[in-house]
Amino acid sequence: MNNLENKIEAILFWRGEPISRKRLAEILKVGQTEINEGLENLKNNLQSRGIVLQEKDNDITLGTSPEFSTMIEDLQKEELNKNLTKSSLETLSIVLYRNGASRAEIDYIRGVNSSFTLRALSVRGLVERIADPKDQRRFIYRPSFELLSYMGIKSVEELPEYSEVSNSIKLAADNLAEDLKKENTTNENDGAREN
Amino acid sequence: MNNLENKIEAILFWRGEPISRKRLAEILKVGQTEINEGLENLKNNLQSRGIVLQEKDNDITLGTSPEFSTMIEDLQKEELNKNLTKSSLETLSIVLYRNGASRAEIDYIRGVNSSFTLRALSVRGLVERIADPKDQRRFIYRPSFELLSYMGIKSVEELPEYSEVSNSIKLAADNLAEDLKKENTTNENDGAREN
Amino acid sequence: METENTQSYTIKTSAFEGPFGLLLDLIEKKKLFINDLTLAQVTEDYLKFVTELGESKPSDVSSFIVVAATLILIKSKSLLPDLSLTNEEEGDIKSLEERLRLFELFNRLGGNIKSAFGERIIFAPEERKNEVLVFLPDAQITKESMMTLVQDVLGRIPKKTFLPEVEVKKVISIEEMIDKLTERIQGALRMNFREFSGKVTTREEKVTVIVSFLAMLELVRQGILNAVQESHTDDIMIEKQAIQNE
């Protein structure tokens, strides 16, 4: 049973960005011929469907079917012009006062997972995602330059009570991270609740 | 030619995040029945494919097929936390098999205070906290898509033994609600139990 | 009957989290099912553990105590078959068994989660690089609103995550409860002493058992006293710190 096209579909869907045939062959440990065949099959599978296979030079990506492009564009516009939610604004305030925060830090402080919220902020150009200089596997979200100028400040230090608030955020993030680490490890050896 | 399921697929793909049935109906200007039908068809289209449709309460999202778990895991840089402590397991099994529970219920079943465990799970994005529709002062903790994803299931109904135990759990839940009510009234007096 | 053996039972704390976990663990180690008979058989081990817990981790005791009280009732009833229980006491016993069964069920289902978790993951799409190069602010974003929001968030963080959520008052009243139970059982014991005069050998056995059982109760009482005192000093320390910080 050949499910190469399914694998390709999964990779393309997950990645969401163009990927070369060569790279696909590498990942799937097969030859060019198989990849080309798999892509043909996938293209057939996707006929008369909501998503299509797009090719440019040797790069492949999945996209929404062209017949729905107006609908998607409208949605995009609508999405972008919506008011930000309370949780987005909250997340933004942490990013600002922390002057760049990892998702984990924001999660600890808010007590909930912030991935969708951060995505919403990043789509609107309010925050930028950069690789954490300390750990390349992680990302740091920092306020965009445009955001600062929109707020009429040259740097985050000009935010009201910046140093005070900034310090308490840092402290809180450290403490919470510490506590959670305990929960995730020591509880295993020590069944009873800690003091 | 009915291409509602294709439109739904395009929207889900474009969005890349969960979306509610209600919102889909709004966007596509059709009724709930049509949406449900479209989703059924889409689910069928996605059988034996690289991507799957996940459902939770009234929300829908797309994800990669669980059979390609290792492949995608190898591709992604972020390290995944697969550890669950004893208290996390207990709490998750209540949240999952009850498909949402209040903290009081979780505490009652576990016999210990679960607030810290719930916070840790919420930070990890494995549970979501929402206001109880029946009582706005309370919260309900329910499974997140992330939790379903880690379990490799498309909906809670796919949990092992789900149909076998769901009846007895429902029954027990009624007794539990009864007991909790009693507990709350006596606790209000002076925190002590009867005698 | 060798189920009443007094050999000290060592419990690995890793096996359980709370009172039900402990109880279930004790029952399963003896390969028993949950019912009042088996609960009576593990009562002493349970009490022994709670006593030890009271010495090492006083703040954890309270959730175990309520269960201990019900176990003592069950145990007393099994030793003194003529002991008549009030409706409330019967209700407590029934409720403990039900809760334990429910806990056992979720505990078992937790095993399903443990074995499936992270094995076959469904991945959501990765966060895409930001292709749409737009800047779309929102009138709600101002210096002032950002400050207010961030302070709200900070204010919502749980003050001290590990502070035991047990009121001293509650522990004291539980201690009183055990006192009452002890009295109640001693009273019943005197009243029912004749009931034991079956065979002489078993009678001696039973008396020994009851005496050691009561000694156990006394130990638990001491353990709780410890807990109360320690909680008191804890409290005082926290108050002091708060004052110094002001």
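Order of writing sets the labels: A, B and C. Residues in every chain begin at 1.
Following the convention adopted for this analysis, a residue touches a chain if its C-beta (ideal position, glycine included) is under 8 Å from a C-beta of that chain, and two chains touch if they have at least 3 such contacts.
Everything quoted here is computed from the prediction, not taken from an experiment.
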{"item": "Farthest chain relative to subunit C (centres taken as mean CA coordinates)", "value": "A"}
{"item": "Innermost chain, where centres are averages of C-alpha coordinates", "value": "B"}
{"item": "Whole-Å gap separating subunit B and subunit C, where each centre is the average of the chain's CA atoms", "value": "28"}
{"item": "Subunit A and subunit C, separation of their C-alpha mean positions in angstrom", "value": "42"}
{"item": "Inter-chain centre distance, subunit A versus subunit B - centres from mean C-alpha coordinates, in Å", "value": "21"}
{"item": "Where subunit A touches two or more other chains at once, by residue number", "value": "13-16, 76, 111, 115, 119, 179, 188, 191, 193"}
{"item": "Shared-contact residues (touching 2 or more other chains) in subunit C", "value": "14, 16-18, 21, 123, 125-126, 128, 161-162"}
{"item": "Parts of subunit C lying in touch with subunit B, wherever the complex brings them together", "value": "14, 16-21, 63, 66-67, 69, 88, 95, 98-99, 102-103, 105-107, 109-114, 116-126, 128, 158, 161-162, 165, 167, 169-170, 173-174, 177, 180-181"}
{"item": "Subunit B residues touching subunit C - in the complex, by the definition given at the top", "value": "16-17, 52, 54, 61-67, 69, 72-73, 76, 80, 82, 84, 86-87, 89-90, 92-94, 96-97, 108-113, 115-116, 119, 145-146, 148-154, 159-161, 165, 168-169, 172, 175-176, 179, 190-195"}
{"item": "In the complex with subunit A, residue positions of subunit C that touch it", "value": "13-18, 21, 53, 57, 59-60, 123, 125-130, 132-138, 140-147, 149-154, 156-157, 161-162, 164"}
{"item": "Subunit B residues touching subunit A - in the complex, by the definition given at the top", "value": "3, 5-14, 16-17, 27, 45, 48-51, 62, 64-65, 68, 71-72, 75, 77-79, 81, 83, 85-87, 112-113, 116-117, 119-120, 122-125, 128-129, 144, 146"}
